[in-house]
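Submitted below is the structure of interest, expressed as structure tokens.
Labels run A, B, C and D following the written order; every chain starts at residue 1.
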Amino acid sequence: MSTHPIVRYTSPASWALVEDKFSPFAKETLAKLITFLEDEVEPATKLAHLQLPTDETQRWKTVLPVLAELKEKAKKLGLWNLFLSKQHYPEYGVPLSNLEYAVMAELLGYSSHIASESVNCSAPDTGNMEVLARYGSPEQQQKWLKPLLNGEIRSAFAMTEKNVASSDATNIRTSIRREGNEIVINGHKWWISGAGDPRCKIHLVMGKSDPENKDKHQQQSVVLVPTDAPGVRIVRPMKVFGYDDAPEGHCEVIYDNVRVPLGNLVLGWGRGFEIIQGRLGPGRIHHCMRSIGHASRALDLLLQRVTDPSRKTFGKYLYEHGTVVADIAKSRAEIESARLLVLSAALQIDKVKAKGALKEIGIAKFVVPSMALTVIDRAIQSFGAEGVSQDTELAARWAGLRTLRIADGPDAVHIQQVGQRELKRVPQLVERTREIKKKEQAILEKAGYKL
Amino acid sequence: MSTHPIVRYTSPASWALVEDKFSPFAKETLAKLITFLEDEVEPATKLAHLQLPTDETQRWKTVLPVLAELKEKAKKLGLWNLFLSKQHYPEYGVPLSNLEYAVMAELLGYSSHIASESVNCSAPDTGNMEVLARYGSPEQQQKWLKPLLNGEIRSAFAMTEKNVASSDATNIRTSIRREGNEIVINGHKWWISGAGDPRCKIHLVMGKSDPENKDKHQQQSVVLVPTDAPGVRIVRPMKVFGYDDAPEGHCEVIYDNVRVPLGNLVLGWGRGFEIIQGRLGPGRIHHCMRSIGHASRALDLLLQRVTDPSRKTFGKYLYEHGTVVADIAKSRAEIESARLLVLSAALQIDKVKAKGALKEIGIAKFVVPSMALTVIDRAIQSFGAEGVSQDTELAARWAGLRTLRIADGPDAVHIQQVGQRELKRVPQLVERTREIKKKEQAILEKAGYKL
Amino acid sequence: MSTHPIVRYTSPASWALVEDKFSPFAKETLAKLITFLEDEVEPATKLAHLQLPTDETQRWKTVLPVLAELKEKAKKLGLWNLFLSKQHYPEYGVPLSNLEYAVMAELLGYSSHIASESVNCSAPDTGNMEVLARYGSPEQQQKWLKPLLNGEIRSAFAMTEKNVASSDATNIRTSIRREGNEIVINGHKWWISGAGDPRCKIHLVMGKSDPENKDKHQQQSVVLVPTDAPGVRIVRPMKVFGYDDAPEGHCEVIYDNVRVPLGNLVLGWGRGFEIIQGRLGPGRIHHCMRSIGHASRALDLLLQRVTDPSRKTFGKYLYEHGTVVADIAKSRAEIESARLLVLSAALQIDKVKAKGALKEIGIAKFVVPSMALTVIDRAIQSFGAEGVSQDTELAARWAGLRTLRIADGPDAVHIQQVGQRELKRVPQLVERTREIKKKEQAILEKAGYKL
Amino acid sequence: MSTHPIVRYTSPASWALVEDKFSPFAKETLAKLITFLEDEVEPATKLAHLQLPTDETQRWKTVLPVLAELKEKAKKLGLWNLFLSKQHYPEYGVPLSNLEYAVMAELLGYSSHIASESVNCSAPDTGNMEVLARYGSPEQQQKWLKPLLNGEIRSAFAMTEKNVASSDATNIRTSIRREGNEIVINGHKWWISGAGDPRCKIHLVMGKSDPENKDKHQQQSVVLVPTDAPGVRIVRPMKVFGYDDAPEGHCEVIYDNVRVPLGNLVLGWGRGFEIIQGRLGPGRIHHCMRSIGHASRALDLLLQRVTDPSRKTFGKYLYEHGTVVADIAKSRAEIESARLLVLSAALQIDKVKAKGALKEIGIAKFVVPSMALTVIDRAIQSFGAEGVSQDTELAARWAGLRTLRIADGPDAVHIQQVGQRELKRVPQLVERTREIKKKEQAILEKAGYKL
């Protein structure tokens, strides 16, 4: 049996399925990541909490010193930009497949809320770097991609709009129009993750440049808007349940007659839809794997809680009461099956690109966050009032995950799409049934049965 | 069919079951309450939000002016202390049964987070008033119950302790001991609801006065501790999914060598367990009915959202997509059946006191909060990101309800108790089976069957 | 607390809600029914099993002697046709409301599979008697209703058709046409319950008499077809899971050029849809209450099983293992809430007729059978292999109930209808919101807030 | 992407995970099996139904001619005893790993109820052959294993006892004792699968040979009992939801003073527990994979039903109504994740034997049958009444699967065991937490925080 340290975090059974698909480099990187998370990131998490001011204004102006240190360490260790697959991004990427990174992403989710950023693998920068690496001009890459890859700045992706049913991208109202050598942007966005961060220097803004185009998918463009451009106004942070998620936040942002040079257009006029399509596949898998990490962490916390001698009630350990053991078993089963689903989707992406793995990605997208919410909720329940409070990480993890059932398309959209894809199998099934019926007839006739 | 305005809020079917159990006074009060909530309370809710400072210190020092006005109006209308049943509290109560108040409690939950307090029916004051009315000495009643009944002060019930498995009351560690003519209290509590409020003047503190008593249920006493007694220290507010619930809050409180006169002992030495037992029945039903109100509100919000023309996606209303209509139907069914469960429990309490209705109360306690959380979660999903944010009331209602699966005994405790009560039916069932088998034998023998 | 024997079968809480709506006659009849079921019907059930031949042909030709005796006894006791409410059928009915009978129907379901027939309250005769009592001509009533009311013959309702999507009644293909003084029927039906019984003398056949009528709901007629009319052919019994439900059965039936006199038309040409509409309301409630009886029985069997000392494993009673106690508690809660739902629907029917209670009936229809299946499934699990076998009644009860999620419209149809009815509340909700917003504006302005 | 025909039956994503673990022989065998099932087995299934007499006596005396032919064909094609892994049974096995056979087992479940037997891979023969191959003496192997491997005879495993809580094997009461050169067996068993078959020639009977042994797991022995030994009496077939599963059946069997030679003892006195332990691992995985095949078949049937133009209601395809598309998506997700779970367990068995894969096997055991029941139930619902009848295979498949939640240990046992295994991870988790806390302290101190 494998002695790789990953088996302390993932079941031997799921590791056995994928181990022979890991390169030596990936195995080594994985081991280094585990050590880094255990020795550096997790022990530093409380300090990161303490370094964030509670004052409502100050908390949005802070760069956590401990996080900056962690990033330097990670960079030196080569634990950096692990999400960016060399296979898809030869110039900037690291030699890791989606499958290989997926296992690491689970660890990042398991470990701590600062883990992803400490290895420069946190959304929305990840998706933005993918966009810039794939579609950015050399100038755009020089100016924005490089510092993002170096972890010097942060970025936002401005798509969701207030009072707009934005799960249908064709509803977008933000206007992007050319005026001479400039592009003028007017729009009202919200839930712009990362826009609150003092290091956030660039917004990728999606809007309509050609709202009358008959092809609904060619009406949109994406433009790079520096945060300090006149007219960019951060209105307020949106809260998730009661959390503001400072300093990154999810902000309401108004673009009021913002002007940027023509060169800030990404890829070309009318290609905004194409850009967001390309942005969605692997990122969803990363989210899913991190979610599994959250669930796994919650189960580990629950296990420690229900065996804590100081929590005994009526003379028994918590795990000896009611349905706790059954809840543990179900949680384990749910985590294992969810992980396998996502790993199989990641492998599909490696084999046939995201476009060939849409059913698998869709399944992961609607199964995993709900699963993780359920497992965390069980853990919360085991912790009693402490579980809903600031004294464990459970409630905050839960709230963060709750948004995943909404972001990147609500559950219902993915469920419908997976269902529709299944329906496409029908003609093949009907043909199969017909063939077998024909043979059945022949057999029955031969056996003397009148039909 | 009844034309009482309640049928706009509750189904005609559930109203039909209970209408003839309502006195004319109760029907009239119910109608007045509806008008008050629609005309005064709900329209004032946003103002109440705005009057609460965002500053972390100030928000704990504020008495909302609009709430004070609402309370004056309610008192004049006779919409006051509706929870306190004259049947059980002849001196102080209003002539409403638990069943009658239950229907009103649902409306309070439906309406707004300031509704309960505006009619002086908010926890933990309700339970504390019951305790003082039932067990308080004349002096205690004069000093604390009267101003509570008048809505002049607020109160807290200090039971839950930090790092103690407090769903088993015998685990409590706070020390309450006599020293001469004084009682000395030392303890570390948390989740003391209401303790953050500047109007909170009195804590009912549960502790151990006789920890060596062989009868585990006679070790506890309850003492009245004025908030301004030296040694009472509010450490911090606990948060619920990021919410601080200011100005009331749920506070961590240290009682450090607090001294109160002997006359502050409630009921007698060693009678603390008896006091909390008496406190639990009707209060749980009120919580449940308010929870149903929350669910009902969430469904009504969902209904408006999914039919909002501005939320159309891909050319269809939201309700025309996926499983929305089914979710609505299930939510309606779940709300209706939960309401009937709680109403039947409330009627049981009226008929045979809380002690005779423990199975019904237990069922309501574990069924209703989960049901309401599910319905609100569906509503959140229908609102997308807005649903998890501060811009709807859904996330805050959800978080508040989540604590109900923990407070007053976690779900698991009630589930086990209901199950155990069912097991007590076995001897009667076994006897019935034996009787019928005997008759069966006789019949078979008579019919000539050898056995 | 009530001392009526019904509290041995239904919870005191649900009985308390309805007791004052029961007439003295109803209470007395209910008590007599309980005694009859305990003393006569249940003890005779095994004999009924034994009297049914196992031979595939003989079992369809048998009238169980013990059932005939029970029917005589019931008739003498006045426990007869209890389903037929005098309020709706003044000429033939008994003075029981739907609510009053509903409680009795639960007992019939609880008791035994021969209970309903022993008091002449078994489907499809019940619905057929309602049709004949409401719509039948004096001649039809004389010839068919009287013997049905006397329990001398049995009947069938032939609606469902093979290879037709029959949850949409307009799809029906059976042809009913006039030829001179005769009506000619041609059609292929199946799942015709009761058609296998040697005592079944009359089929009420639904078909299309005017397939070209523009009003899709006036194309259908219902005709009375004596079982012995030439051309009526029972093809085979359909099985439910592996059960044939002999001697009644659910048969495939071909009507091949069957001719009956004009007088056999029910109500009038083109009024078939009207007839089936009138047939659906109370019958569904009866089915639901019987289902609750099944669930209640299953829970009582489970309770006895898990406390049976001879079933101990690893030194513990079954109820001491795993999640058994939680399953018991959930089952109890589910049964209680389902019963309350159905009782409230029954009361609605009494108050405003079935037409005014469609939402309540719809909710009951999709909630109750699933609930009962879940509870029975838990009981099966507690019995191990015995639970799926012929040695307990659980598997057969489960299979019978499984059809209720399909018959009279599949779950999905009722779920959609309930959801659509909820959507009709939207205009009222929107108006309410608008009113409150208006008042809110006024309050905010008065308080000096700019909007 | 792989072009192996298996991708018509299993998702490309799960196949991608395991393909490189398949030997060329396994891939070829898999392809042959698919062709055999499509061309021979499925088309012959209806004939097999017709060849089984409906007469209650005759159906237990029949060897289906078509099945005998299929077995001959399969043997010639080398599609024979595929379950018996050469790795574990070098002498008799085929060169297939558990993982490789697992994929085939799903196909057998998907295909038809005669598929497993047609390739000599049907329970209980499979487990019995494993027992005889591992523990049988040369004489036993010659006499019983050889004809079983050749498919000439069939066998039964007699463990479950009437009125005994047999999920605890130490409860067994059947007596096995030595008398001179003979072994005398007395016992009352039931649910002995296969015992009804005229070809069943041998029972492996589990009983107590040393009931007073202090080691509870050394009290049992297993003895080979020829079906025709005097005293072996088949009492009756047990039914499963009305099905008798003739000709194999699940029989009640009495062993009344049955005498067999000493040489019929398997492995040794007191080693019965060891034998059944060795019998459980891979067999459970096979059952699970077949169950996934059942679910997969049900979904494929559902897909064809809901797109059948002749089933339209109210102008729409069935899939356009209600929650059908969502049900499809969920079913697909559930099948995929269940398959991955079982494949990972199968791989674990290959890597570290069943003993090292108990958690994975346990998870599969309690997750998969419930999942498959749910999916089949949805398919039943989509077929309406036809779905519960003899006209589709759905109800029979459902009933067969329902027993899997009971056989080989009820769900609850596996859930508890998996939960308990998880609890064993606690010491390692506690240690991890301690380590990280220690580092956290150091970091906080260094940063100047007092603790």
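In this text, a contact is a pair of C-beta atoms (placed from the backbone, for glycine too) under 8 Å apart; a residue touches a chain by one contact, two chains touch by 3 or more.
Here the structure is a predicted model, which is why all the values come from computation and not from measurement.
S.K.: Can you name the chains that touch chain B as well as chain D?
M.R.: Intersection of chain B and chain D contact lists gives A, C.
S.K.: Please tell me whether B-C or A-B has the greater number of C-beta pairs in contact.
M.R.: Pair with the higher count of C-beta contacts: B-C.
S.K.: From the C-alpha centre of chain A to that of chain C, how far is it in Å?
M.R.: Each chain reduced to its C-alpha mean, chain A and chain C end up 50 Å apart.
S.K.: If you average the CA atoms of chain A and of chain B, how many Å lie between those two points?
M.R.: 38
S.K.: Mark out which residues of chain A touch at least two other chains, giving numbers and ranges.
M.R.: Residues 322-326, 412, 415-416.
S.K.: Which part of chain B faces chain C closely enough to touch in the complex?
M.R.: 1, 8, 11-14, 16-18, 20-21, 38-39, 42-47, 50, 66, 299-300, 303-304, 307, 319, 324-330, 332-333, 336-338, 340-341, 343-345, 347-348, 351-352, 356-357, 359-360, 362-363, 366-367, 412, 414-420, 422-423, 425-426, 428-430, 432-433, 435-436, 439-440, 442-444, 447, 449
S.K.: Which positions of chain A touch chain C when the two form their complex?
M.R.: Spelled out, the residues of chain A in touch with chain C are 322-323, 325-326.
S.K.: Show me the residue ranges of chain D that touch chain C in the complex, using the header's touch definition.
M.R.: Within the complex, chain D touches chain C at residues 54-56, 160, 163, 165-168, 171, 190-191, 238-244, 250, 310-314, 318, 321-324, 380-381, 384-385, 387-391, 395-396, 398-399, 402-403, 405-407, 410-412, 415-416.
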